[in-house]
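Worksheet: the structure to be examined is printed underneath.
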Amino acid sequence: MAIKTVLGLFQDANQAADAGDAVKETGVSENDIDFLTDCPYPEGAFGEREEHIKLFLFPFIGGLLGFVGGIMVTSMTQMAYPLITGGKPILSLPPMAVVMYEGTMLGAILFTVLGVLFESRLPHKMTEAYDERVSQGLIGVLVSTEEGKEQEINDVLSKSGAVDTKIA
Amino acid sequence: MVVKIEHKWGMVVDLDKCTGCQGCVVACQAENNLPINTKDLFMQKRAFEWIRIERYWEGDFPNVKARYLPVMCQHCGNAPCEPVCPVYATYHNDQGLNVQVYNRCVGTRYCINNCTYQVRFFNFWEPTWPERLQNQLNPDVTVRTRGITEKCTFCVQRIRRAEITVERRERTKLNDKTMAARNFMPACVQACPTNALMFGDQNNKEDKIHGYFEELHGHDGHSDSRGYRILEEIGTDPSVIYLKKVDQFKMEHSESHG
Amino acid sequence: MQEGRILPPEQINKDLLNSIMSTPKWYWPAVGICSFIVLIAATVVAYMINKGLGITGLNRPVMWGFFITNFVFWIGISHAGVMLSAILRLAKAEWRRPASRAAEVLTIFSLMTAMTMPIIHTGRPWRSLYWFFPYDFARGIFPNIRSPLVWDPSAILTYLTSSVLFVFIALIPDFAILRDNTTGLKKIIYTKLAMGWQGNARQWKLQIVAGILLSALILPVFVSVHSIVSWDFGMAVSVKAWHSTVFAPYFVVGAVHSGVSAVIFVLILLRQAYGWHDYIRREHVEALCRLLIVVSTGWFYYFVMEIIFGIYGREADEVAIRTLQFTIYPWNYIMIIFIVTTYFLPIFLWSRKVWRRNLLIVSIACISVNIGMWLERYILFIPGQINKQVFTFTWANYTPSLFEGIIVLGTFALVTLLLLLFSKVMPLIPLYDIKEGDILKTEVQIGRRTVPATFRED
Amino acid sequence: MAELKTLNHHYKDMWVFPDAEDLAGLPAKATSLGKTRLLLWVTLILTVLGVVGFVMRASADGLSNYEPWGYYMAAFSFVFMVTAPAPLVSVAFRLIRSHWRRPLTRIAEIFALVGIVNFVLYIPLMLMIPEIANPNEIGHHSLDIRRTLWIQVPWGAPHFWETAAMFSLPLMSCLILLLSSTPDMSASIQYVTGAKKKLYIFLAGYWKGSKRQWLVMQAAIGALGGLYFLTLPFVQFLISTDLGMSLIAGWKDSIFPAIYTLMGFQTSLAAILIVLYVFRKWGGYERFIGASPFWSASKILLGLSLLWIYHMFAFFITFWYGRMEVEQNILNYLFVDSWFWIFILNALGSWLIPFGILVWNPVRRADWGAPLAGVFVLFGALMFNVRTFVGAFNAGREQIYDISITVVPPAVAPDIWDLFMLIGVIGLAGLVYLIGLKIFPVMNIWEIKEGAMYQKMGRLFRGNYLVLAKPE
């Protein structure tokens, strides 16, 4: 059955945190509760769940790929048509190191950015309830629950002092 | 059928014989389709002289000496200009020549900056010739367009001709005599009235110049003979040997790094 | 941070988005003037490509003139962005918050502008593609890896890509705010750009981590870029003045010096133009100036090293070059102006707290630094070419032509224009960063004194 | 002692918050160093060995010829490199008001005493420096004046100026040490006895702790630190060129002094962190030394190790492109041929291993990460000094007046006396440092007390977080 999402907007962070607890008491697991804010609050400010991210993996993979790419570009382009220049060896390492280095960094950064988008689940269709006042500083408590339970959640949220609630 | 030896072309300039007559300059101008050095080209300091005669005054009046130093591309073994070209427009070919690929050059002018001897030239303008000189252009040599670099080639077109006629057709050895006999010497060498310029094959025992290079390398650079190479201490390993004037004056730059 | 008032989020949105929401009177005239200058410069470039480089003042032996000087100058400016946002983010410096975005954007635009210079300075720009990219399969000859001019594109393109992505990642939350505050076509565009950002805890955590991680990754690139640019000169063994080992760090520190000054100047302009007095505060300017005192002193150390080892060997040609730089007109005047405007005048102007907090004085100092750094590149590159070797026969002077001047002017107009256009579509100060700063602000009571403090996660 | 909320982005005792009685007990604790007799004996024996080595070497070869003294120079340069910048490190962190510096400032400043050792060790070297002006007649390739940073030969060059510079360093750094430890000594007068008490009363008796005294003291430290900051790179420049670069004829390398200075900061930060770790682990100071100094300093150490390879590469590639004979020779001598293996060890220690250790976040957060990397950094620095200065001292005495070296000399292995001198010099430095630890309070009490005011735990919504206050 379909998943419904309920959004409660709160003026004050402590209220929002309390609302989160109240919702938890109705049997909603903490994985279904999200706190929408307009700026990064310090972690655990709402007693919310730990977020586990594996972002650090991406730069290593990317860097490795970039490094290999660098080796291939530098060595192959020199081997393809071996021309002596200035008595330098055909495969001269010091210059190759420079380009390999750039390749490594480029790969690492590209993969990191991909990692950020992937880990934060972007781009993302906004089917959940959302309110523009979140970016005005209101704190949204977003609860996703199966159909039929949304009214109850809604009441809980408004009882714990929500300025406004939405269901989608 | 003769065994084809690996050529390594080189030149020897005997400064004792050079009178600074600029004949080589004119010959080069005519042979290699250089643009006409008009007055304002000179004023812009953009004149083309693939070979130039540097003139230095030495001593005070009355015993003043004029020094002449013909400088052309030295076709360095470790040419500084080669590794810095981003597009391989200049590289070292298997005959010891430092060659320039005109249609690959993009004109970064890095090679010119990095040339120790100032013998690379950049086409700032589209080269043009007056009507009456159109027919004088040498068909063996490309006419360069604007925005690319050019330089002395040791008259590579003549060397190629020599290889074709002498080595392939006549199946005889290619050395300085056979080349001289058929006027396959570089234009400057051919034109020099005092034979101050000698051209030949460094690897070929029979060639006149071979001995000078032997001598030079034998005494690893610091030979007490007349032979020396200009700005050798940069480590460019040039293929042009200059024979020192022997008198009480010393060339300015031979001590300049002391 | 006593000066900083804690503002309500709506207020912050309203203030920082006013550059996008409303158009001040001076805006379109400024855009008009800049684009006019850019247009003229573009015309000159077209004329130059058509006629050949003869219209410049270049000659034998001075083959690299204004264009390369300008190229290195803009590359230098582009080093402020990462320097500020990355190092300060890693150091968790609170006062980075308003500066970071403007700095990064300045990085991107000055980098783009810099890239145009080497292309138009080539003899045949229409051919330079197989210089940048290894694609020339038809001929089987690829770019020459041994040439520093091939390292340049690799480094600069890496740097450009990474800083664009860096800025974009940091922009996503602000796009979301714009999405929520705009209507019509704008809203559609910003919705696409925001990619459905919700602002939940996970996304924010990633935003923070990504900021730090990307900073750590971009820093090495930022160092490598200017080093590689400096190696264009360091590898030129035949130009005695250029073949110096210290060039790489010397250039990098100099770049930071000029770049950060430029950023301070831009920040002051923004503050005055859009009335962001609560966000770009005097304390920020002062902190940046204090940073610059250290940077410029480090730069001066490398400068002295370069000079000392120029004459260390007592080689005839080296000494000749230094003589030219220090004693012969016009270089001696340029040298004096350069040293004074780059180091001594700014250091004097930054020496007192009162002056560091005076925006006018700081702007003067920053402009003078940039004048000086431009001249520094000029006096570093040209004399070395004028008398390259001991052959006095080929020595020749260089006087830039009017066209070169126009093109150089055009680059300045171009950067300004790009900044103006950017400020119209995207926020120049990261909103969420400011808001976070406000949340983390607190105070500690010690006796009668309340000391400003901040919450930290570790 | 406050506990941090143990979320996994909060690390236990990353920051420590000594409470009242901790702080009350600190002066007594900081002035009584624990069991160090064994260490003292070991360093003493090493010193004696060093003296023996020195005497043997001097009697065998005399002081006039510098060539046999390469390893002595390397040892001196190593100790100088490690210890001289240490006071500056503490002053610098104090100036940028970083909170994590508080436990390590005194440990850093006590290195100032080793500066005296540096000066003493320097004197024999001063006698060895060969004449700048060429005593013999000028040969085919040789110059009338050796290639040094003294373009001509000014009065007293190089001996007088270098000695003056070398003397000024310990002067300033010891002043910094005295100034910053005065309040602590006056605070702990009643806990010490005997000669130490007399000393404390003599040095810190005047201290009232009045507002004025505090301001003057901090201003003085700032001024001296600035002066030191201007002097130190200059001295490092003199040492590295006159005793290193200029002995390899034709070695003209503008980045070498910068590398030397850079490694100075790298190694002294490493040494400080190692000592700090010892204090935290075995000195019973874990209530005052959190993990945060290691966590913050490790980033700097990582950056410095990357900067090392960066500077080295800048030097290497410039010479590699250079076609001059001397450039090739020097590359062969110092990098790829004679001293190849030492260079590899140097690179491993100064760059690769520290980088490999510190690149990992958890390792940097742990207290042992940075000190471990520091050990390798010190080793790498030792290799660097051996490679550079033994190399310079043995580059051929007959060549030093030439335009450039024309032959690539072989590497030189140490003999027994060299080894004695090597360990002896390091032992002497350690001995003096230990004595310094015994004399002065080992913790910067007033800064730690100050820190207790400015850093605490605070509650924000549902979480406990660290609160750092910065008085401006």
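Order as written gives the chain letters A, B, C and D; numbering starts at 1 within each chain.
One rule holds in what follows: a contact is a pair of C-beta atoms (placed from the backbone, for glycine too) under 8 Å apart; a residue touches a chain by one contact, two chains touch by 3 or more.
Remember, it's a predicted structure, so these values are computed and weren't measured experimentally.
Between chain B and chain D, the least number of touching-chain steps is 1. Chain-level centrality, scored on Cα centres against the all-protein Cα centre, points to C.
Of the two chain pairs shown, A-C and C-D, the one joined by more C-beta contacts is A-C.
Distance from the chain A centre to the chain C centre is 30 Å, each centre being the mean of its Cα atoms. Rounded to a whole number, the gap between the C-alpha centres of chain C and chain D is 35 angstrom.
Between chain B and chain C the centroid-to-centroid distance comes to 45 Å (mean Cα coordinates, whole Å).
Multi-chain contact residues, meaning those touching two or more other chains, occur in chain D at positions 9, 143, 317, 321-324, 460, 465. With touch defined as above, residues shared between interfaces to two or more other chains in chain C number as follows: 141, 143-144, 146-147, 150, 220, 235, 237, 439-440, 455, 457. In chain B, 78, 80, 83-85, 88, 234, 257 are the positions where the chain touches two or more neighbouring chains simultaneously. Taken as a graph of touching chains, this assembly is fully connected, with contact between every pair of chains. Taken in their complex, chain B has these residues touching chain C: 44-47, 52, 54-56, 69, 71, 80, 83-88, 104-110, 112-118, 121-126, 146-149, 231, 234, 252-253, 256-257. Taken in their complex, chain B has these residues touching chain A: 77-85, 88, 90-92, 237. On the chain B side of its complex with chain D, the touching residues are 78, 80, 83, 222, 233-236, 257-258.
By the touch criterion given at the top, residues 2, 90, 220, 223, 227, 231, 234-235, 237, 243-249, 283, 301-302, 305-306, 308-309, 311-314, 439-440, 442-444, 446, 449, 451-458 of chain C touch chain D in their complex.
The residues of chain D lying in touch with chain B in their complex are 140-141, 143, 321-325, 327-328, 403.
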